[in-house]
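We just call them A, B, C and D in the order they show up, numbering each chain from 1.
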Amino acid sequence: MMEWFAENPVLSGIIKAVVLFAVPMQIVPGLIYFERRICAWIQDRKGPNRVGPIGALQPLADVVKLLMKEDIAPKGVDRAIYVLAPALVFIPSMLAFAIVPVGMDLQVFNPNSGVIFAITIGSFAVYGLSFGGWASNNKYSLLGGLRSSAQMISYEAALFLALMSALMMAGTVDLNVVVRDQIAHGWNIWRQPVGAVLFLVASFAETNRLPFDLAECESELIGGYHTEYTSMKFAMFFLGEYIAMITMSALMVTLFLGGWSMPTFLLTIVHDWFGVAISFDQVTLGTMFWSIVFFSAKTSALLFLFIWVRWTLPRFRYDQLMRLGWKVMIPVALANLAITATVIVLMED
Amino acid sequence: MGHDAHAEPEKKPGKLGLLGKAYLPAIAQGLLHTLGHIVKWDHNTLNYPDEKRAPFPGYRGEHRLTRDEQGREKCVACFMCSTVCPAHCIEIVAEEAPWPDREKRPKIFNIDMMRCIYCGMCEWACPCEAIELTEVFNIPVRTRAEKIYDKERLLSN
Amino acid sequence: MSDSGAGMVSWVLNGDPVESPAGMTILEAAKAHGAELPHFCYHPGLSIAGNCRICLVETNRSPKPAISCSERISDGLEVQTHSEKAVEAREGVMEFQLINHPLDCPVCDKAGECTLQDYSFDHGPDESRFVEKKNIRHTKDLGPTIKIWGNRCIVCTRCIRFCDEISGTGELCVVARGDRSVVDVFPGIPIDNPLAGNVVDICPVGALISKDFMFQSRVWNNEHTETVCGGCARGCNVTVETNEGFVKRLMPRENTDVNDWWMCDFGRYGWRYAHDDRRVSVPRRGAEAVETELEAHRDLGELVRGAWGGSKKVAIVVDPFLTCEEAHLVGRVAAGTGATVGGWLPPSGDELTFPGKFKISGEKCPNRRGVEAVLGQEVFGSQAKAVESMLNSGGVDLVIVFAGFPNADCPDALASAVGKATARVAFTLFDGAWSEAADLVLPSASVFEKEGTYVNEDGRLQRVRSKDRPGDAQLAQPGLHSASISSPWVTSELVALQRALVHVGDAERSLSAAGVFRQLADSNEHFKGQSHRGIPATGVPLGGLAPAGVGEGSES
Amino acid sequence: MTDLAFSKDAMKEYEWMLTRYPNKEAALLPTLRIAEREFENLDPAAMKYVADLMGLSPAKVLGVVTFYTHYRREGTGTYHLQVCSTLSCALRGSEDVCAHLSAKLGVGLGETTDDGLFTLSKVECLASCDTAPMLQCNDDYHEGLTLEDVDHLIDRLREEAKAGGAA
């Protein structure tokens, strides 16, 4: 099978691309459903439970509702940009997901720029948000757009610096190598705890999730950049946000949580229970399957964290957000980088 | 400020320390708290249309005009409710009552339920116990006009 | 209250030595010194009965409490109005008053302005000790406009004294004795005199009720506008009570120089024309309604501008319902266009004088003297004839008619004369011969919608105020209340004429009535030194205008 | 409106009466007595006549007539039984007398029997407190009443009426 993939790069690329598109698109509704259920539980409510068994069809109803809604473009919008903006949010998040190895050596494509591609593409999403805010011809939207651009640019720096620390451990930008390095030397979260925390915090900010959702904040900006969006255009923003969340979780898993690998003691458990011996030395169908399972489990756990944090922490004030970004995260990340570099150099000696 | 001996010592916010400033312990504490709620699995809400909470005694829902033993409205059109109403949602036009034992009755008695704030002052002000708030609270309608309840509607509530 | 020159009396009110003119009763003198005493049967305009006993005070002259409304003050008198004894005595009286009084304030139209209610609040017991059955007394019509709820009557006899002393008709009496006594009329002789409505006003409780006002409005919801009645040249001071822009009733306002405390039923019930459906409420060109008032006023301005400078023959017919300010503006239009101004008076009625000195003027218009003072003494006399003959002889280019008559009584001859003019403008309350002859019809404001001043038959200058307040205009939309009567929002002649003058260029901008009055005071010797703000609530006698019939024709 | 008029004698008496009082109004009570005698009872027409005669407003006359209980009013039966209800009589059982009369005659207070014979009413003090309880029948006092006395009185009056009616 692996051979077949290698022999038919075009066909396999298409298949991978379709899967890449289909899988996150299918995850998002589920994610929305779980977000609603989890937030309900946190608030001692029941959550959606009317549509289908235990409300499982609620996402479907949501989608249908969104599709059925009237598509409104307010008077005075800059129509071209207004229509473009949701796509600009949605597409980069999808593309960034492409380079994440969801299983053992399993990614849609593996450019030699590696993770830098993901970060670069991912940061395009800021255009979508600020375009949306600009084109809506609404002061709240504009404020939301401005906030999001400032916020994302600020936190991108911290995000990248934190990511650098993980890359430096492996000495490469190839994510598969990063994962293998972690198999060999232990997860980066233990070796780079500061980097991991910084990456996590910055990824919250990058995805505009609470406590950093200042671009949307309903109470002040009535939805911010997407105030004036309805129907599928709004749904695209929504999808973009959730896919960005998945991408960020996947990156976090890959960079700091061992990616598709598992620590040896867990592998023994799998061996004991399922009678499957997994060794990540070579790519087989079995290891690939299990690597996908491990990867999905870790990503799901991180997604749960995203949701959990959202319904626990209050929103930051905007100046607090900027202070945290510029005065804490970036200096700490730089210091971390410097120490890491020094240690690496010293150890090489 | 000066040095007033009797001045209350000013309370200063406690120093947070580095860890505290990073908020991480507090965040962890908060996350544990919410996790506790997830695990607790105890709901305060009902499956609303299927299950209905019995209104608490004294719940203030939609109004009702009461009738006397002979089935006539008790209201004597004294305007006390419309006078006391803070939302000015009660409109009354009085007329002479056709009955020998009563002098005055409302020709028109309208309550604009969209303006009503359900404060219950009308019930409180009524000298004849002619208006009272029921426990009915969920009567959806399609137009605003339907939410202006006239005398017949209020008497049938 | 007579100022007999007997000098001042030194007495002591609640421990404070005070001085009052001799001959005053304790109640009046105490009131003059700011001590309010409750009273039912006492009324300043009526004789003293002293039968309700709610005004009891403690004095040093007798061990028993004194009836303050009938006892006169004298030197050395010491009065305690709120001593324990006095208050206890009044509380006792109050308890007796309430024994048979029904607890029907919710349905009683007097509630809110009922003195029994007020004093019950001050002096009344929390609960009744009277466990027996209350007396039932009659509820019936006493006349075409008055109804009595006998149960509420406290037999203060104010109404009876009013009929005996003021109207002199004596229709009312107290029948039966003791707790069964109640006010009644002789069978077959209802109370039907021109002042009957006043008995409702002076009834301290809700026993006598005006059928016109019955159940129409609760008194506390009414807005009050202090103005002058436009029914006749007497110019009675009244308070117009409105609810949501609708006149609910007229109440007399105390003015001992004009109407004392009273008003006649013609004035009292004569407000319905203001809410008549047949009123002209929008301006029209012929039969076609003009979109906005401004447009109509510009039309008027255009016509006036065309005639400005005396190039054309212009006639103006005024009515005696115009305020002095409006008359002044008419004067300015007349001066600018060289117009001849004449006016018509409504047919005069009978002049009635009552034993209580109250007078109903035969002149059924409120401001003949004011219009004469502004536009010349002959404006309703020889000038009127001049205008008519001028119109009849033809060739008049523009005629402006003011017909604010509450009923369309227009002399046919004049209407046909008006029809002969080339351009015809009519300000009118109702459609009639005037408006049919006109090609620009503008709504006239009724007395209740005017701002300005009137001069009554005695030459007294009095303020007229509009019942409408800014922002009331939307109430003109038909609502539940107005199913049968409409409340037109009318821009008065004052505004229309000023807009026309602005259009001509003779005025910079439209002014309020007070602003126009200032111009009038500057230019007219009768009004010299007066200002709107300076006119007291009861009016002021206008200099140089002697009482009616004396100063006629003396105008230079 | 009415052709009621005092007879010559009555008019003479009225004229004489006027001389005895300071003003006309003060002579109202005795004049009403004359009218009562002349017109059998004081119905509105009679009151109106008196008012016109004396130059008073009819309402004033009505007020005076209704104030006093001892004028014969319109609709009063042949025998007007006025039971005193003031303190002494009340203490001595005037309530019982009233109730008894009411039951016996089948009428309530202020009402007249169907045959037009009796009118029952309850009045204030008739100044015979020493002989309480008492009632006044037309111009006669019946004092120190027991319920039997009342029965006797009624029976006697009925017979009297029968005889009078026959005569």
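Going forward, a residue touches a chain if its C-beta (ideal position, glycine included) is under 8 Å from a C-beta of that chain, and two chains touch if they have at least 3 such contacts.
These numbers were taken from a predicted model, which means no experiment stands behind them.
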| item | value |
| --- | --- |
| If a chain touches chain A and chain D alike, it appears here | none |
| B-C or C-D - the one linked by more C-beta pairs in contact | C-D |
| Separation of mean Cα positions, chain D and chain C [Å, integer] | 49 |
| CA centroid of chain A to CA centroid of chain C, Å | 81 |
| Chain B and chain D: spacing of chain centres that average the CA atoms, whole Å | 66 |
| Centre distance in Å when chain B and chain C are each reduced to the mean of their C-alpha atoms | 45 |
| Listing of all chain pairs that touch each other, if any do | A-B, B-C, C-D |
| Contact set on chain C toward chain B in their complex | 104-107, 111, 214-216, 218, 220-221, 480-481 |
| Chain A-facing residues of chain B, complex | 24, 27, 30-31, 33-35, 37-38, 40-45, 47 |
| Chain C - residues contacting chain D, complex | 160, 163-164, 169-178, 181, 184-189 |
| Interface residues, chain B side, partner chain C - complex | 76-80, 83, 91, 93-96, 103-104, 108, 110, 127-128 |
| In the complex, chain D residues that touch chain C | 44, 47-48, 51, 57-63, 66-69, 124 |
